[in-house]
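What follows is a pair of complexes built around chain A, which joins chain B in one and chain C in the other.
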Partner chain A sequence: MITAALAESLTQALVVLVLISGAFIVTRKDLLSLVSTYQMQSLLLAGVALSLYSVDQSPTLLYLAGLTLVSKVLLIPYIIKRIQRKINISRDMEFHYVSPIASIFITIILILLVYGAFSNILKELALSNLFYLGAVFGISLTLMGMLITFSRKKVITKIIGYLTMENGVLLFSLFITELPFIIEVLILVDLFMIVLLATILSIGMDSSVEAYQERFHQLHIEDLQEKLHLHRKHRGES
Partner chain B sequence: MQALEAYLAYSMLVLAATLLSRTNRAMNLIALTHAVSCIALAAYSLGNAPMHYFDNNFLIDSLSIYEFFITGIIFFFALVYAGAHLERLVELGLLEKRNTKLYYLSLNCLLIFTILSFASNNLAVFWIFVELTTFFTAFLIAILNSKKNIDASLKYIFVTSTAMLFAFIGIILIFALSESALGKGTLNWDELLANARSFSPGFLAASFAFIFIGFSAKSGVAPFHTPLPHAYSKAPSAVSTIISAVMLNLGIYGILRTYAVVRQTSAAPAASNLLLAFGLLSIFVATFSMLHQRNVKKLVAFSSTEHSGLMLIGLAIGTPLAVFWVLYHMLAHALTKAVLFLSTGILQRQYNSNNAGKIINAFKLQPLASIGLILGGAAILGIPPFVIFISKYSILVQLAGYSLPLLLLVLLLLLLASAAFLSLGTEIFTHTQDTRIERYNAPKRMTAPIVALIILVFVLGIYFPSEIYALLTKIVSDLKF
Partner chain C sequence: MNIDANYVAYAFLNTAFIILISPLFMGVAKIVKAQAQGRIGPPLLQPYYNLLKLAQKERVYSNKSSAITKITPYINITIMIVASLGIPLAFAPENSGGLGNIILLLYLLAMGRFFMAAAGLDAGSTFGGMGSSREMSISSIIEPITIIVFAALAFTLNTMDMHQMFQTAAQEMSFLNPALILVSIPLFIVLIVETARVPVDNPETHLELTMIHETMLLEYAGRDLALMELSHAIKQTMLMAILINILVPWGYAREFTAPAVIIGMLLFLAKGIILATFIGLTESSMAKMRLFALPNLFIIAFFLSMLTILLEVFR
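Then we have the complex of A and B:
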């Protein structure tokens, strides 16, 4: 059995790593590595839940860790990779509004702002230092996710941004309070959203392919037919 | 069996029957009975409220009943219209025939989750159902065969869900707050309202700000209104009606319930200022976006943002009378918006466009839709004797008592918004040309709801039923305003 002090420093390290993974996502272009980073982040989150469990032995935390592992580490990345293969894009080159360097700066400013703003609010909850850190990092991660969602153009990157936000909310709630059943539902809603997006996108891909073929028909085939017709006419005349 | 359980059982039956039925007509009829069952649920609950369900996670009180009524009525008219509209969409190749079942299933699911949201007593349960309504709305926007619909739908999901995550943070904060104040955490609205005075005001204000962000995205409050014009103009008209009339109310409802809790504490002025600021911003942004708008549906969409702004201002004033009129405005706005969206839907099918420049000889080709658009436009601007006049005027009177400069500012903005409607209206209805456009014969099922709604909007404008008066008074006192 690990001691409480060890568990605390382990949790601290894991939380910092989660935030670093967030910063990594903000700057990445390569879509595959974005998904893997998200996977890693979720794994770290499950680790945080486990190390908190080792201290207070609440079964909810264990359950949450398991659920995170199954859905966020295995299932969601799998679905995203499938969508990605279907859409067939590998890099999100279009940083919509902000460049990677700028986004790092924005991230740092965000974290400081959250730290400042929350020091007032959270004082009333009388949290320990570790819990305070976790809560602030949770909100920071949420804001970083939002930055990704709104600063990138590609849908896949936006999805990763949304999921990162969601991980932030999860981190936040792990440290603030023990919620009854809601957090699990949040994860399920998340899964639901991914499946829905996958459906919408596949409809979208199909319809854009159709539109393309239609145009192809109109432009080329008629052209060809006309040429063929002329050709025959020409041959008939000669 | 209790009322809510009976409704749920019936709605499951509706889903099963929709799955099994083959024809469009049958699915439409089934969905119509579903809408009627919501009105029946409201009517039954009227004499028996408040009713608690499932461990007090669900509660039907006066406010839920009122929202059930609005939801049921709007869904009913939208569904009558959708039946015929859908056939036309399939004819035009905009909707694939195999997707019609999906369309009806999603509409029914949307109705179920809307009713469940309004029946939730627990803030987190409410959040989950609202999120589910977002998904089904997005799906209904994306169901048409066009790349632009997919884009509009994705935008809608991302902005709304992102904002909703902030609401979730607010919910966690409220839970922690109630845990530290009461010893046992709760998210039930009735318990929060009863114990509000023991909560720390600063903390409560912060939670309210987070929750407000989430729910305001649902009602198209600026700056979260950005996906709405696209969503409204791309979605099938029946769906636009539902988003504008019902989903908007869902957001305002969430804000109202949480605000009622905050009003009990000394954090009330902070929350009220927040509402006022966002309300003004919404009216401002909506007005200036409307001024140069040439797309009819987008104009109507921005007008929704304007009206949610007005409702927020009414809530910010926070007197019992102001809240009373905001509640009435929810009904008035929903009915009037339905007239507008359903009329523009017919014009859109006639000209295959919402662009003012493409609409020619509107009076000759589509007299009913034109009249609907003109009367609906007059009604939404608050011209008597239509129903919005009463609620809008009364909210403005309340605003006069609150702050005169603010009233002048809002009046100026509303005047500009009227100018936008007038200029687009004159452009559309004076545009005549000798062209041989084939007339699209809108079936009775599409025109009848418009006529019925216009009559309703007119009658409610000159006659205020005492039943509604009693219900609204009860809501205001239940919310402790």
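Then we have the complex of A and C:
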């Protein structure tokens, strides 16, 4: 059986890996590896929840791990990969405001700021160091997600930034508060909504009118319009 | 600094051991690379034959070169041997004699690099100057990062002394310490950069476009070249020893007795061969990076060592 000390260093290692995957997402251009990294990050989060469960024995953690596994490791990446195949873009070359190196520096500054802010608040709560680490890294991951949403231009990268943000919230809540399970479920529903909405956005946003038509054709939306048109014409004649 | 019999014995054994095995690791990395490319590769002991052959040849100097070219090989090998006293490969006496200090180690390495670059410029050839300029611009980026990596190491193991670091790592059996696993990645990157290996420099070529380290050696021949290559090999073994003795310190002799020392040496040799194989594989699985893309590699080391320091703050 896993001892408490082993579980603690395992959790620590997993949390650090989550943050490294966040940094990886901040710097990568290649869209496919962005999604895979997100997938890996969610898997690591499920691992964190499980290793916390081995100490805590609270069933909520187990549910969270299961939910994360089903939704964020399997479903959401699957949907995003489908979108990617449709839009035919494999690299997000547009780092608009900051270069990869600058964004790593900003990330480090963000982590230090979060650490500085939290060291004042959390001292009074007298939490264990592991929970302190989880809280700081969770909020840092949220801010990193925000950084991705700010600094990239392609919608699909922005989605991944948003998803990373949500992962940060999950990491934070795993450590600091007993997050009611129902809230996590609601957040997930929101996530699905945003992924679906973003599908439409990312197909339409960055293209000319001709390309827009073409893509509609790919998605069989044009056929529908044509049918509608014919239908109207028919009614007008009669 | 009080020197006792143990320390003298350690100094002799450690120096002899590092000089003896360093060319072997070079050879292993070469063979692995050749095998990965589908060639047979040189025999395992080829680096030794090369050194012997070079040691018998005469030295040739350009008539434009000054004393710098003549003294640099001796200065370099001296620096490397002195620095290697601070990095016990398989065993260490009780007191480190102050030589294990990591700041001293970093400055010794920087001094060696300074003389290399000066020697590259000395003969006045355009090749040498280009190599020196590249070496210096790369080292100005990697040195702050190396300092942070070693700071993370010192912070994690609570000491500035390399001997004590290895001692602590061997006692803790650090394989479960996430901070040490994390810091080993930047250490590996520093190893690659300092020994001029593939993503940064290509040790095989003498082509103008890619080479950094080799250009500075172009003017050397005979015994001088043998000394320069040997000191390069020693530098590589030193950095490998840091990585090995921090991450996998199994068999590191904690007391100074003959059987423990022999076991430690043999295990170090085995682990070194494995690490050299790994280096060779890394080299053959990567393409050389553009000079201006190198900061992308260095920033990984920087980020990970910052993370290690943070992780240690939470402990």
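The rule we apply is simple: the second predicted complex is superposed on the first by the 190 of 238 C-alpha atoms of A that agree within 3 Å, B and C clash if a C-alpha of one lies under 4 Å from a C-alpha of the other, contacts with A are read in each partner's own complex, and residues count from 1 in each chain.
The rule is short, and it goes like this: a residue touches a chain if its C-beta (ideal position, glycine included) is under 8 Å from a C-beta of that chain, and two chains touch if they have at least 3 such contacts.
Because the structure is a prediction, the values reported are computed rather than measured.
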>> Once chain A of both complexes is superposed, is A:Ala23 in touch with chain B (first), chain C (second), both, or neither?
In response: second
> Is A:Ile111 touching the first partner chain B, the second partner chain C, both, or neither of them?
Replying inline: second
> Looking at the overlay, what does A:Leu32 touch: chain B (first), chain C (second), both, or neither?
Replying inline: neither
> Any idea whether chain B or chain C touches more of chain A?
Replying inline: B
> Counting only touches as set out at the top, which of chain B and chain C does A:Leu74 meet: first, second, both, neither?
Replying inline: neither
> So, A:Ala4: does it touch chain B (first), chain C (second), both, or neither?
Replying inline: neither
> If you stack the two complexes on chain A, which partner ends up touching A:Tyr132: first (chain B), second (chain C), both, or neither?
Replying inline: second
>> Taking the stated contact definition, name every residue in chain A that is touched by chain B in one complex and by chain C in the other, in rising order.
In response: none
>> For the complex, give me every residue of chain A touching chain C.
In response: 6, 9, 12-13, 16, 19-20, 23, 27, 100-101, 104-105, 107-108, 111, 115, 129-130, 132-133, 136
> Hey, which residues of chain A end up touching chain B in the complex?
Replying inline: 120-121, 124-126, 139, 142, 146, 149-150, 155, 158, 162, 165-166, 169, 172-173, 176-177, 179-180, 182, 185-186, 189, 192-193, 196-197, 199-201, 203-204, 207-208, 210-211
> Okay, in this complex, where on chain C does chain A touch?
Replying inline: 176-178, 181-182, 295-296, 299, 302-304, 306-307, 310-311, 313-315
>> Going by the contact rule set out above, which residues of chain B touch chain A in the complex?
In response: 124, 127-128, 131-132, 135, 138-139, 142-143, 145-147, 150, 153-154, 157-158, 161-162, 165-166, 168-169, 171-173, 175-177, 179-180, 185, 187, 200, 202-203, 206
